[in-house]
Amino acid sequence: MSPICYLSRVAHFSAAHRLHNPSLSAETNRQVFGKCNHPGGHGHNYIIEVVVRGPVNSETGMLISIDDLKQWIKSAVLDIMDHRNIDQDIAYFKARPSTAENIAVFSWIRLSQVMPPGLLHQVIVSETIKNKASFSGEGLTDKDIEACIV
Amino acid sequence: MSPICYLSRVAHFSAAHRLHNPSLSAETNRQVFGKCNHPGGHGHNYIIEVVVRGPVNSETGMLISIDDLKQWIKSAVLDIMDHRNIDQDIAYFKARPSTAENIAVFSWIRLSQVMPPGLLHQVIVSETIKNKASFSGEGLTDKDIEACIV
Amino acid sequence: MSPICYLSRVAHFSAAHRLHNPSLSAETNRQVFGKCNHPGGHGHNYIIEVVVRGPVNSETGMLISIDDLKQWIKSAVLDIMDHRNIDQDIAYFKARPSTAENIAVFSWIRLSQVMPPGLLHQVIVSETIKNKASFSGEGLTDKDIEACIV
Amino acid sequence: MSPICYLSRVAHFSAAHRLHNPSLSAETNRQVFGKCNHPGGHGHNYIIEVVVRGPVNSETGMLISIDDLKQWIKSAVLDIMDHRNIDQDIAYFKARPSTAENIAVFSWIRLSQVMPPGLLHQVIVSETIKNKASFSGEGLTDKDIEACIV
Amino acid sequence: MSPICYLSRVAHFSAAHRLHNPSLSAETNRQVFGKCNHPGGHGHNYIIEVVVRGPVNSETGMLISIDDLKQWIKSAVLDIMDHRNIDQDIAYFKARPSTAENIAVFSWIRLSQVMPPGLLHQVIVSETIKNKASFSGEGLTDKDIEACIV
Amino acid sequence: MSPICYLSRVAHFSAAHRLHNPSLSAETNRQVFGKCNHPGGHGHNYIIEVVVRGPVNSETGMLISIDDLKQWIKSAVLDIMDHRNIDQDIAYFKARPSTAENIAVFSWIRLSQVMPPGLLHQVIVSETIKNKASFSGEGLTDKDIEACIV
């Protein structure tokens, strides 16, 4: 038996986005999304915190190598989000508004595809210093997972 | 079924307060509350983080509108706390010391009165960058709720 | 005589942009601006700090009213930058790359047009927590000023 | 000859205050100071940054001992401001509104009285994360200095 | 019955350390720990957040006295970690790599030895602004506890 | 003529150090440096901010390429400081205490050797969130410059 710890790693990415659902009318989009529906889009310095959970390895004193965690975040999230336009560049967000909630769910699915099973605990996405969304895998459907192919 | 997310919003308010229980002696108040019992009071830039939990709406990609959440925090907390003297201006704190714990409980009750049932998950109140208290509704009594009328 | 102070106010805006100079070739744009030249653009949570300098009014104890300063920043900068696409929505940036340097110069010109003469001291623009540019009016030309009409 | 450096030290204090000038009418006070004139007062977690300037001692590698600087800030500022009501507890602020500008000037005078001559360079006082005032000794009068006796 | 709150207190300590397991070869140490295995060591400004959980005392409005919590953190953690070399100065880390995970477990054990039973909820240790580990007592063995004698 | 701007870039490095002057007695070292003289050393997450000053290029809108600035900071400072023991690994600090002041002077010299002349404006080194030192080249001697060979 080993102590069970949580380990978290923070990364940043800067991206453009616009909240817009093409299946709704222009008027409804303006009402639902307000200033975030501005046609030219806007952008954020997103902060993503990825939390993993598991036993501490008695030889290394580490839950996992922080270098592995950095690499997973880079390949699963940063490489397709950083310095990009989320809505235009990622198929998943063509049909779904790129809210912080949906970015957290998307990042969870992407990360769980590259990490050892059972390791990922929580994904927290901050849009600004005042707003953040987090997701821990609850209520995920096959439809969400299937849509998540870059 | 939809992914279940947590969404949090941060707000600030600046207020004066003094830790003091009028039913205790002056000497006991000094012993229990130390420098926080100084007669003229002191003050803080409080930070409140309100966390809600629920399914993501598939059409909007949002758990709730962040504008609604901002408005609830404004009407339930900021409008009666910001640029005020907590002890003198709010009846609830005439009989209870205005500790971070009690401010978190008070804010929880006030917020749950204006928000849809089941949405509120956690209220976190920071007094300084080193101290914070959080409350998630556990152990709340009718007496606390009844006292919370502004 | 009165003490001379500096007063500064911080504001935030979220915007999309792309570093691109239409008078240069696509290849040169990629070489000069790297990932910031990505066609769909990206975005930031910009932080602007506006510093004013002057004597403290002996009656009010204030250099100027902070509410006036907030209003000037709102009308001169936030109203045309926040939740916008800087390059597409502001004429000044159609002919100039929207670097932090140029945004600082632009904000300086706009602010100096609405503020009492001699008050504005410095404009600091942060693109990320690691990069910022500041401008204090040095070397400004009539051409820059004339171009700054929204 | 030695390299000339700047060294700065940050400290925090929590205090109550109210912006109010007793020589003005109640109505004028409300107009000038707005919500900051609320009768019961409000409060802040103030941050003070004290900057000193001078040659680096070649034996110690230090401009001055940081412990001395901490002690000067404690005795000149924190001991009379922290967990206090600035207006009620400090004579200097009975006749002057306790704005960030005036607190910076007051702290400058107090610090210069306990520090070696020529060392103090700048005092920066933040009221909130968005507002700060700084003072470097310019325009100081004997009247200000004489008023600054605790 | 009383509301159940969480209260947390943050403290800082600056320490040197080196990730190294003497029972592994030099080559394996370099592979496992990378730049953190540099012979002369390196160091961090560690941030420790200690979270306690319990009912709010109706008389004081406090879960516990924040002064007691500060004192426990000082005696159990800061007094043996701050401005020290973790590996050389603390016996527990002679046989275990001083990872953030192990520092969190060590701090949990030390704190639980000086605090009233059932109060300690979580220990969070940040090595940098990007990496943190947390521990809540899960999976703790007698062997870990016995090793934790300073 | 072009607008003259300041551009700054922030970088982090984690290092071990000990304040100690071998030409002074053990007793004097303890008196001068206090807890920072602990034999096993301690460490910090240092933050370095490098400020450059110059005209904005009208074609690129940039003072200089931020990628160049990042590269200069990496080669001149991070590559020899990050995850190192400052005193043991850098000859310059064998004869000088590794104070924030001396690290700022050292970084200034190193940076000015790799950057175009006249560009470097200021180097700011933070040891903790409360202490920082800055240097702008004033009072620099040939002896300091000659000692700065890695």
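Which chain is which? They are A, B, C, D, E and F, in the order written, and residues in each are numbered from 1.
Rule of thumb we're sticking to: contacts are C-beta pairs under 8 Å (C-beta built on N, C-alpha and C of every residue); 3 or more make two chains touch, one makes a residue touch a chain.
All of these numbers come straight from a predicted model, not from anything done at the bench.
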Number of hops, subunit A to subunit E, where each hop joins two touching chains: 1
For subunit A and subunit D, chains touching each: B, C
Chains touching both subunit B and subunit C: A, D
Most distant chain from subunit B by Cα centroid: F
Centroid distance [mean C-alpha coordinates] between subunit D and subunit B, Å: 30
Cα-centroid distance, subunit D relative to subunit F, in whole angstrom: 29
Subunit E, residues touching no fewer than two other chains: 129
Touching chain combinations (by label order): A-B, A-C, A-E, B-D, B-E, C-D, C-F, D-F, E-F
Residues of subunit D defined as touching subunit C within the complex: 19, 21, 23-24, 32-34, 96-102, 104-105, 129-135, 138-141, 144
Complex contact set, residues of subunit B against subunit A: 1-11, 55-56, 58-63, 65-67
Parts of subunit A lying in touch with subunit C, wherever the complex brings them together: 12, 14-17, 35-36, 38, 40-45, 82-85, 88-89, 128-129
